[in-house]
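Remarks on the structure that follows.
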Amino acid sequence: MNRYVWILLFVLGLVAPFVVYPVFMMKLLCFALFALAFNLLLGYTGLLSFGHAAFFGGASYITGHLIRNSGLTPELGILGGTLFAALLGYLVGSLAIRRQGIYFAMVTLALAQIVYFIALKAPFTGGEDGLQGIPRGFLFGLIDLNRVHVVGGKPLALNLYYFVFAVFCLGFWIIYRTIHSPFGQVLKGLRENEPRAVSLGYKVDRFKLMAFVISSAIAGLAGATKALVFQLASLTDVSWHTSGEVVLMTLLGGVGTVLGPLAGAFTVVTLQSELTSVGAWITVIIGGIFVICVLLFRRGFVGELGRLLKRSL
Amino acid sequence: MKTSFTRATLLLAALVGTSGMAAAPTEKISDGVVKIGVLTDMSGPYSTLGGKGTQVAVEMAVKDFGGTVLGKPIRVIGADHQNKADIASAKAGEWFDNEKVDMITGLLNSGCALAVQKVAGDKHRITMNTGAASTDLTNKASTPYSIHYVYDTYALGKVTGQAVVQTGGKSWFFITADYAFGQSLEGNTTKFVTALGGKVVGSVRHPLATADFSSYLLQAQSSGAQIIGLANAGTDTTNAIKQAREFGIGQKGQKLVGLLIFDTDIKSLGLNVAQGMQFTSGFYWDRDDASRAFAKKFFAIHKAMPTMDQAGAYSATMNYLKAIKAVGTDDPDAVMAKLKAMDISDFFAVHGKIRVDGRMVHDMYLMEVKKPSESKGEWDLLRIVKTVPGDEAFMPLSESTSPLVKK
Amino acid sequence: MELSFQTVMSQVMLGLNNGVFYAILSLGLAVIFGLLNIVNFVHGALYMLGAYVALLGYTMLGPLLGKPDFHLNYWAALIVAPLVVGLLGVGVERTMLRRLRKFDHLYGLLLTFGLALIIQGVFTNYFNVSGDAYEAKPEALNGAVNLGFMMFPKYRLWVIAISLLVCFATWFVIERTKLGSYLRAGTENPELVKAFGVNVPLMITLTYGYGVALAAFAGVLAAPIYSVSPVMGSEMIITVFAVVVIGGMGSIMGSIVTGLLLGMVEGFTKVVYAPASSTVIFLIMVIVLLVKPAGLFGRES
Amino acid sequence: MPQYILETRKLSKEFKGFMAVSGLDLQVEQGHIHALIGPNGAGKTTVFNLLTKFLTPTTGTILFKGIDVTREKPADIAMRGVIRSFQISAVFPNLTPLENVRLALQRATGTSYHFWKSDHCLHALEGQAMALLESVGLAEFSGEITGELAYGRKRALEIATTLALEPELMLLDEPTQGMGVEDVEKITALVKKASANRTILMIEHNLKVVATLADRITVLQRGAILAEGTYAEVSQDPRVLEAYMGSAHA
């Protein structure tokens, strides 16, 4: 894709906190990363996981616990949460990849429900109140993530924002690299025609499992970062509604496109934030978007745009 | 996204060298407006007892106050936190930073309440919680800027537990929602039941949003306990009561006691099913002339009688505005000092007082559901059996774990 | 709580009572999945809609028609609600699902997920989320019967009986009649069935209508027991999915038997370790899928 | 004694009481083009699925170059150099033909699990991939979307992809199925060309193709061998004529 588009997006990311409310922007980055991770599976491997909230929320709890109760620095806490998500991804993935299609989705859903149950019952999670009051602490023990800069009369948490932005860029880069790697080529192959990939001598289960682990680790990275931003981890993050939301984001933006999940996450998070005054109509609106999207533009925003421009975005 | 891009670049230029918190406001009313945010469940399971009705109550209070304070306008904004703590916390932060909101009320759902209270505490802004039940709000999570206005699990458990044991309900079986709120309600009630010589013969923890309670009810029935305590809320409570009636449980010998029930729950159950049940409330619309007058006005707008959350939101807003007027500024520290010094007496609270830990202490009521034959109207549902003075109902400061309480 | 004979039998009855709801809902899902290859996420919302048709028919239809004394009674609701919802289903199939037939069945799932959100959202806006009571339970079904080991409400016995009847009648029609053989053949080879002069698209539409009508029927049955609330379906649907998957997707008998069994398993969990009662089905699902990939009654492809 | 590259002994597959393949003793000689023919439902594709491990045999053994491979997984068989095609064209429809072939070439590079590397490292394979496309006459289509190619070209691409793996034994499932006369001739030539230095086992309905290409023919009926030999021998066999060829030749 055009280099200038990347530079433009990067600069937008840099100036965003001065234009958009930083916490909103950080939430957006976390969900965008989550959707990107999910899309690595759905869009580039052809696996629909209906339980990705388990990795997102699971990592968020572990990170919160590590920082709050074990006194780890934020970057170590996030690393811990991400590793946990990778490990959980390995467990869930090894069970789920033995099944295909709708059964795959159902196994991931069932395992995620079990993770939800653990999150509800485990002693450190705070039940339905969630794990509250996670300190942001000092990055590498040096940089105060709580520090607020006042710009034009507005308090802006710039340290935290640029840390989150850096994490996002790292996650994005890993996903991008994976998609455009020799490994990614094989993933595309098995998405397109699994028996053929097998007959060419690829052990597809290993590829699926690896993709699953990478995807869940990055989903975990997103969840861990979110725990730091909001200073809490809650049951919402591990519930099946969140798993459904990430499907919506990806579908809306465009399955199997690099920028689609970004656009989708942007739309959904903005809607949720801007529509907080319309009450239950928000459910109707989100449902309506699902329906319109499925009926009229199955490729999503970015996918349809890519078709118009005749290139893959 | 409300600011333009050019302004952003200006701001970027202004960034150089700026840091630290803003200087204290010099004007009496910061930003020339007092903004009150109603952040609550507007679409989920608690939206009937809070929701839009809470916003209606706050708007009524502002109107009744005159629409301005110290010559500056008062604005009310509302939002749905969808019972998601992250949405609640983000919205509150945005309100404080961008919208210059001065006080947030409502906050049904303890998870959301705890998250918002933390954000508000960090930013030195006031929360007046009228919806959530958790005692954590005035204990380890309390801040110098947080007020818990209406009720909590301690008061509910204490008032109901003591009253029931005193009238002979010595042995209890709990049907408890398996989450922090339910457990805290069960724990608090148990403490007062056993203190008075009662005993708990068993309990069962059910998942949130259970449709069928018959299995639990049967377990409660065969335990032989005199009292079946429902330590849950909303649909879970109403379903349990309804199904108890269906199985004939709670009629002969055994008695059902709900620990958190709102008027709207009784309304949805119908008197036929709910008659005779006892529970604790912080407010009842038909208590005296003042409460009836408020309820009538509220009903005219909202088409339902106010719940304790909604009435509490009116009272909280009104007293907040009175405090601003009295101290002549909306500076949070000054307003909080005034609020904690004031006597709060109105249609909602009798002998109300906000303690150092943020607990608003006021009379609580033991309620009983009327028989259908006693009801004279659609909303004539309850009678006040007993008024419990606030100091007896709420957790004493000596037991508090609030960092604000010096020991 | 010790497991006496009385306890076990009581829990079996209550489990059966919950199980028939699972059975009748998962049966509808299985019929729809079998013929349309669609995971019908909107099923829970239509179950809720069925309950609301009954409720509103009783409370609001009269005043709406200008005859305040008119109430749609329970027996009429048992017929009317499935019809109304079935027609709605026919409309949905004709205008939306049909257009998705040539795409990945993932899209069917997503579309119905969206529809479920819409229906649930609309009802949340207009009705009490904490639920309304349905007062039209017929006199004849009030009270309880002494089963020897427990007093069991008459109404619940009726629910068990009529649900089992409907389930097995459906099974009989699909597995044992000519109409059923067309249906089954239509899923495997639509061209061939067309050659017999059968209108396959119409058959598919009607099957979808029947599947969702079953959901509405269950909704009416549930109305007098549970509160009628906009969220009653969304809480149910995930569990019912698990039932269908455990039974083997598309297997008619599988979904009926599994529904009944899991209702009982859930019932016993409520006695042994109640907090896990809403999770136990997922645990079973994971185990079943690992041991028997196509579900208990499914055919391996 | 001839050298067999592939041998099955008493190979059987049962589906719920139905014997799709029963007691099959198949021997494929190194360097041959060996055709598997038989009426519909004779079990030809099932044999392919058994040989490539997409199905597990009920009983019997499979030997590849004298080694027992009965228990191996599909990808293992492929690694040994047994590459198959499918009855319906087996391509990656949303990739370009170049990428299709490159994906096959990539396996040998050992980088397939490298998710941290840029796929630029695969550009080195493109010359080889183009050469393969050239050999099947697809060079000018190398950048198109494969799914939009004509059917015959997809089959040609499939052969190019298979060749990319330098298989010792190629299993072709009806390479000319559903093609016009012209395409059939092209594919026939292609298979002939591909057979140099390797063994090919093919299922084929078109007897003209079989007659042109096959060194040896096995006729299957109801999962068992009905007859075996050269085209001349088999076509004279009265049992074969009765079961199969009589109508086909008419």
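Per-chain residue numbering starts at 1, and chain names A, B, C and D are given in the order in which the chains are listed.
Following the convention adopted for this analysis, a contact is a pair of C-beta atoms (placed from the backbone, for glycine too) under 8 Å apart; a residue touches a chain by one contact, two chains touch by 3 or more.
Just so it is clear, the model here is predicted, and its values are computed rather than measured.
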| item | value |
| --- | --- |
| For chain A and chain B, chains touching each | C |
| Chain pair whose interface holds the most contacting C-beta pairs | A-B |
| Chain A and chain C, separation of their C-alpha mean positions in angstrom | 34 |
| Averaged-CA centre spacing for the pair chain D and chain B, given as whole angstrom | 73 |
| Whole-Å separation of chain centres (CA-atom averages), chain C against chain D | 48 |
| Gap in Å, rounded to a whole number, between the CA centres of chain C and chain B | 37 |
| Touching two or more other chains - residues of chain C | 121, 124-125, 275, 278-279 |
| Chain D: positions in contact with at least two other chains | none |
| Contacts with 2+ other chains: residues of chain A | 120-121, 279-280, 282-283 |
| Chain contact topology (line, ring, star, complete or other) | other |
| Chain pairs that touch, as defined at the top of this document | A-B, A-C, A-D, B-C |
| Residues of chain C that touch chain B when the two form their complex | 1, 6-7, 10-11, 14, 17-18, 121, 124-125, 128-133, 135, 144, 150-151, 153, 155-156, 222, 225-227, 229, 231-232, 235-236, 267, 270-271, 274-275, 277-279 |
| Chain C to chain A touching residues, read off their complex | 39, 96, 99-100, 103, 105-107, 109-111, 113-122, 124-125, 238, 241-242, 245, 249, 275-276, 278-279, 282-283, 285-286, 289-290, 293 |
| Contacting residues of chain B [partner chain C, same complex] | 43-49, 178, 202, 204-207, 209-212, 214-216, 218-219, 222-223, 234-235, 238-239, 242-243, 246-248, 264-265, 268-270, 273 |
| Residue numbers on chain B that touch chain A, as the complex places them | 1, 3, 5, 7-12, 14-15, 18-22, 42-43, 47, 51-52, 77-87, 89-91, 93-94, 97-98, 110-111, 114-115, 118, 123, 134, 136, 141, 178-181, 183, 208 |
| Complex contact set, residues of chain A against chain C | 48, 95, 98-99, 102-103, 106-107, 109-111, 113-114, 116-117, 120-121, 240, 244, 247, 251, 279-291, 293-295, 298 |
